[in-house]
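Take this structure, written in structure tokens, and hold onto it; I'll ask about it next.
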Amino acid sequence: MKLQTSIAAAAAITAALTGSLLPTSASAQAKEQFFPVLSYRTGAYAPNGTPFANGYVDYLKLINARDGGINGVKITYEECETGYATDRGVECYERLKGKGPTGAAVFHTLSTGITFALTDKSFTDKIPIITAGYGRADSVDGQVFKWNFPLGGTYWGAADMLIQHIGKKEGGLDKLKGKKIALVYHDSPYGKEPIALLQERAKMHGYELSLLPVTHPGVEQKATWLQVRQSRPDYLFLWGWGVMNGTALKEAVAVGYPREKMYGVWWAGAEPDVRPAGDGAKGYNALTFMAPAGQGKVHADVMKFVHDKGQGTGPKAEVGEVLYNRGLVAAMMSVEGVKRAQLKYGKKPLKGEEVQWGLENLALDQKALAALGFAGFADPISTSCVDHEGGSRAKIHTWDGNKWVVGNDVYEADQQVIKPMIRASAAKYAQEKKVTPRDCAKELASAK
Amino acid sequence: MAARKNGPVIALGVVLAAGLAAPLLTGSAPGFYLEVLIGGLMAGVLYSLVALGFVLIFKASGVFNFAQGAMVLFAALALARLAEWLPGWIGIPAGFPALALAFVLATGIMIVLAWVVERVVLRPLVAQDPVALLMATLGVTFFLDGFGQTIWGSDVYKIDLGISKEPTMILQSMFEGGILVSKEDLVATVIATLLVLMLALFFQKTATGRALRAVADDHQAAQSIGIPLNRIWVIVWAVAGFVALVAGMVWGSKLGVQFSLAQLALKALPVVILGGFTSIPGAIIGGLVIGVGEKMAEVFLGPPLVKMWDLAGGGIENWFAYVLALLFLMVRPEGLFGEKHIDRV
Amino acid sequence: MRQRNIGDVILDVRNISLAFGGVKALQSISFDVREHEVRAIIGPNGAGKSSMLNCINGVYHPQEGEIVYKGEVRRDMDTHHAAESGIARTFQNLALFKGMSVLDNIMTGRNLKMKTGILAQALHFGPARAEELREREFCEHVIDFLEIQPYRKTPVGRLPYGLQKRVDLGRALAAQPQVLLLDEPMAGMNVEEKQDMCRFVLDINDEFGTTIVLIEHDMGVVMDISDRVVVLDYGKKIGDGTPDEVRNDPEVIRAYLGAGH
Amino acid sequence: MFYRENGQFKASYVEDQQILGIRQDRWFIFGLIAFALFAVPYLASDYMFRAVLIPFLIVSLAAIGLNLLVGYCGQISLGHAAFMGIGAYAAYNLVVRFPQLNFILVLVLAGLIAALVGILFGLPSLQIKGLYLGVATLAAQFFIDWVFARVKWFTNYSPSGSVSTAPIEMFGFKFDTPTERYLLVLVVVIVFALMAKNLVRGHIGRSWMAMRDMDVAAEVIGIRPMYAKLSAFAVSAFYAGVAGAMWGFVHLGSWEPAAFSVNFSLNLLFMIIIGGMGSILGSFIGAAFIVLLPITLNQILPVLGGLVGMNFGTALASHMEFMIFGALIIFFLIVEPLGIARLWAIGKEKLRLWPFPH
């Protein structure tokens, strides 16, 4: 008995050791660009993580199936399950960054916590990190954060737009004076990011901001909503993720807080968030940046080249859903980054360092997007050494009980407010981490 | 012994009572105060449901079953998914009939689970020290979490008991704005009460129930009744499984069935500490105390704390229950209703 | 009867009463113990013998009475003070440290004598190292004395009962006690083992001059080795004196006949 | 055949008290350490360092700490990750507020601060035992989590509540490549592991084990329960604190309170169960097991799945990971409650006598 077990144990351990050695053996085929995929299909955030990952992977498959890769460079990819946990994310990053002939092209962390951890490593590893619509707001400053690309929006931008929206409803930002705004947020770096800006704005417009954190995973919110019922804020911003959103809406119903006055960030504005609440979610609003729900040319292609060939990653039904589309757009950004870089470095597998240049010189206008089949699903993006965000615009959409209805007004983050904050925060980071900022002017000059 | 210990207990009680009364005295709207109280009680009912499972198993087998939470998740998943699939399989009308059948099947599944646990885990570990058994149930927890999601899926699933989610107002006449009560919570309370009554009957009236009580007292006695110990364990784990199913149903219908259900079970620990490991009424009262206590603390104690020390938000309910339990342990280790045990040389 | 210089009273127990809830375990028991003597406490089961020892070294705290030890009068003992001032004991139902080796069990007996701090021990150098060696040497003497050299490194759990009893004794001896309380040292032993144990007890008494208070059922043994005997019955003292006196005490005889002897 | 102690006579107690009584063992361990120090830096890949070796070493240190408390002193703790958190945040604040401090000194101070908190939360152990104490330590876990999430001072008012550390510098030397960091951690861990071993074979260790095995008897021979238990909590928390500081600075680089959650605490517990209660070696084995198992499973399972022609998504893989994990815990509790270290010992005994049955 004992002997058997010792053998079993030994076997298990050796297996473990060999296993952990696997990733060191990188495949050495030429003409392949490796895309790492950090995803979470399990745990409390699986309902949101899964459709995003499916969209991301489907697009990569599409590029191979339809265009035969990026200018002939085949795409390879590998998924790694982070479970939204930072330490797991770091392990995945370390595992995947070296794969493929040229190493990982670009990472989407899909978690603000993981973003924070990887940002530190990016300086030595020289692999860009795209955090499309999440991540750390101050990483817009490309002079300090050379490797971060919060493309298309940050949480400071998001919060800013929400304030603008309700300001508009009230008939002018000055009308916000004395109004009560509550922020119900996921108690993590993700949820805490917007606070800085909301407080800044509060100083400007004199509204009263109350902070209501919800602990991971966010299924226990009774007390939070009792407080909401007590203070009856004029507006409520929801900064949740995963099950937290659905629960929040249910509790809102339970305490009779009007959904019309609830505004979610773009990560609290997808189908999985409203469905659990059923009819209760009717009237609930959320930001939606470049990719609302719906079908377009790219979806048709996905159907034609991926799903109809039985290559679909997820169920057909989810193609066109909000988070799925976000996945598509995210993948598109990675691919376009590589494309752009290929113009400079040639049509071959590229290093992360080279992709960084591509991402820093993205110029996707409406025409280009339309050509890619993303007309109406993505906003123009043009990045630069100084600005790694490349434009931050969004709309508000409202859940009518069975679909998202997108409003007409387009909002744009007010850089007057945000830029100084970004500079300050980035400077603090640079000083803390002893990073010497780049001099963009000089780099441009030398490039010419 | 007892005499020396009652002093602090009373003191603690007084402090809690004072804390309970404080908001009213400091002039919060009585209507809202009542709402918080009710809200706390409702949350407490849910805690009690899980705590019940703990107590049942601890009473009969002396095992501190960490897996109770995982069992709740597993049962809820089974119920939700079966209710979803059955119509497709055997063409039984969706909605209540499917749900009812699913409930029966899920019960069966929990019984099988109990049997497996007894066979695979408990029997080999019989007469190990309690900590080892606790670890074993931790193992069971992990296994169930993985297994459950593998066969039932890891998305959010609905259990629709067909209760409207819209709140109702009562006592409008007495308080302005009235007092808001959620029908769901009321139903949950009713179900919990029924369950407790069922258990009470089971333990008082049936032979098996009496046998279980005997085991709780001492194992030889149980032997003499003529029911083999390990069958008793299967039974008690099955009962606990059933309790988990009910808890899962109530919770699932409220919050949606999802992985994170398992986490709420941690809340049941302070409950059983408070109520005493071996007392069913203790589990219920403990649950209510914790529920009310933490909601009160969060709503009325949180904001002032945040102001005082400029904290980044409240959220003291995360630890309140545990610290309360800890204080209680220091003054009365055996809990409110638990039997006290003095170890001799 | 061996001739030794019995000193004057070292331990004096005065009308000790102890009760658990309603149960009266001891009712105003008084007796004294002289230096260097072998004092036996006998009585049928449940007579309160072990409770008596537990009071003497502070495991139990009697409700009434006082304990005079080395001239110091105390309401009751506490275990640490007892150990520090030279009272050691063995246990009726072996209370060895199951997870530790014979050597370590005996070394724990020296813990009181070992003073070096955590850091010094962690680094295991200088004073800590020297101390460890010094005490180890002492314990080796105990081990030789009890003739258990071969089992030094064996986990006590694996030893036969008789040997475990010796280790238990060794642990107590390692503390170099002035008063040694033995709780049924020969319970459950066969004749040879009992003879060995008797020899050890007497040797300890002779060589180290240790005062010994022992509880024993085996009348033969008690009468052979003890200088004076206390007889307890249902928590009351019914006899006290030399073996011969006790042997002929009618009360004692009745108690024992009553107890079915 | 070659594993024999014949002809290795112990002439003095000094020799007899050596940590590794048998020469072959000594060679083996010295060889291992030499290998780790001089060979591994040239053999291992970036991934091995950053994702496997460094976390493994740091976690081993934490496991040793927990083992001192649970395995040696018999006091259960379900909240040990919180003490790691204390260490991590203590180190962070020390570095932020006194940038000139030497990193090793920071580690030690962080450990000491954790030790103080450990003593505080160890106080209940004087009153309550076993599961009850477990709950008390859980209270510590949740309370400490909350404090770091809420009290802005601890995170130096970082808006996101997540702290990120400055690069590690000592004597003007920068530890930034994985290899350098690995060596740093390795040395620290070896030193502390050795100290732990010394402690448990000294009288303080014996007093802990005495409390564990038979507390009444321990008291009777003059061991103060309060001193024994609290010292165990202090030392244990110290180790956790040092480990936590390294986890934050060397492994993560930046973290939020969730990095030291209750799940981490439970994992530490599993490590010492699987590795071996009351065994320093066991702590290492257990740590290796828990660190490597998930990584290995979710890399190997898809491969295996491919072999049998079924598609193993990452989701299924990590579900399987949960199941196998749980199953293994039960397996070890049933088959060998003393963990792999015990199996190792048994194996050695067999080997010593081989080819004779006993």
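Going in written order, the chains are labelled A, B, C and D, and every chain counts its residues from 1.
In this section, a contact is a pair of C-beta atoms (placed from the backbone, for glycine too) under 8 Å apart; a residue touches a chain by one contact, two chains touch by 3 or more.
Not measured: the values here are computed from a predicted model.
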Original post:
What is the shortest path, in steps, from chain A to chain C when you may only step between chains that touch?
Top reply: 2
Original post:
Which chain's C-alpha centroid is most distant from that of chain C?
Top reply: A
**OP:** Please indicate the chain closest to the centre of the assembly, with centres calculated from CA atoms only.
**Re:** D
**OP:** Using the touch rule from the top, work out which pair, B-D or C-D, shares more C-beta pairs.
**Re:** B-D
Subject >> Length of the line joining the C-alpha centres of chain B and chain C, rounded to whole Å >> reply: 50
Original post:
chain B to chain D: how many Å between their CA centres?
Top reply: 33
**OP:** For chain C and chain D, let me know how many angstrom lie between their CA-based centres, rounded off.
**Re:** 41
**OP:** Would you mind pulling out the distance in Å between where the CA atoms of chain A average out and where those of chain B do?
**Re:** 37
Original post:
Can you list the residues of chain C that touch 2 or more other chains?
Top reply: 59
**OP:** Going through chain B residue by residue, note those that touch at least 2 other chains and give them in order.
**Re:** 149, 154, 312-315, 318, 345
**OP:** At least two other chains touched by the same residue of chain D: list those residues.
**Re:** 149, 161, 216, 315, 318-319, 328
Original post:
What residues on chain D touch chain B, complex-wise?
Top reply: 76, 124, 127-128, 130-132, 134-136, 138-139, 142-143, 145-146, 149-152, 161, 216, 262, 266, 269-270, 273, 315-316, 318-330, 333-334, 337
Subject >> For the chain A and chain B complex, residues of the former touching the latter >> reply: 41-44, 46-47, 50, 187, 192, 195, 211-215, 217-220, 222-224, 226-227, 229-230, 243, 246-247, 250, 253-256, 272, 275-280
**OP:** Please name which positions on chain B make contact with chain D in the complex.
**Re:** 64, 120-121, 124-125, 128, 130-132, 134-136, 138-147, 149-150, 154, 266, 269-270, 273, 309-316, 318-319, 322-323, 325-326, 329-330, 333, 345
Original post:
In the complex formed with chain A, which residues of chain D make contact?
Top reply: 45-48, 50-52, 55, 96, 149, 159-162, 164-167, 176-177, 251-256, 258-259, 285, 288-289, 292-293, 295-300, 313-315, 317-319, 328, 331, 335-336, 340, 343-344, 346-347, 350
Subject >> Contacting residues of chain D [partner chain C, same complex] >> reply: 13-14, 17, 195-196, 198-199, 201-207, 209-210, 212-214, 216-224, 231, 235, 278
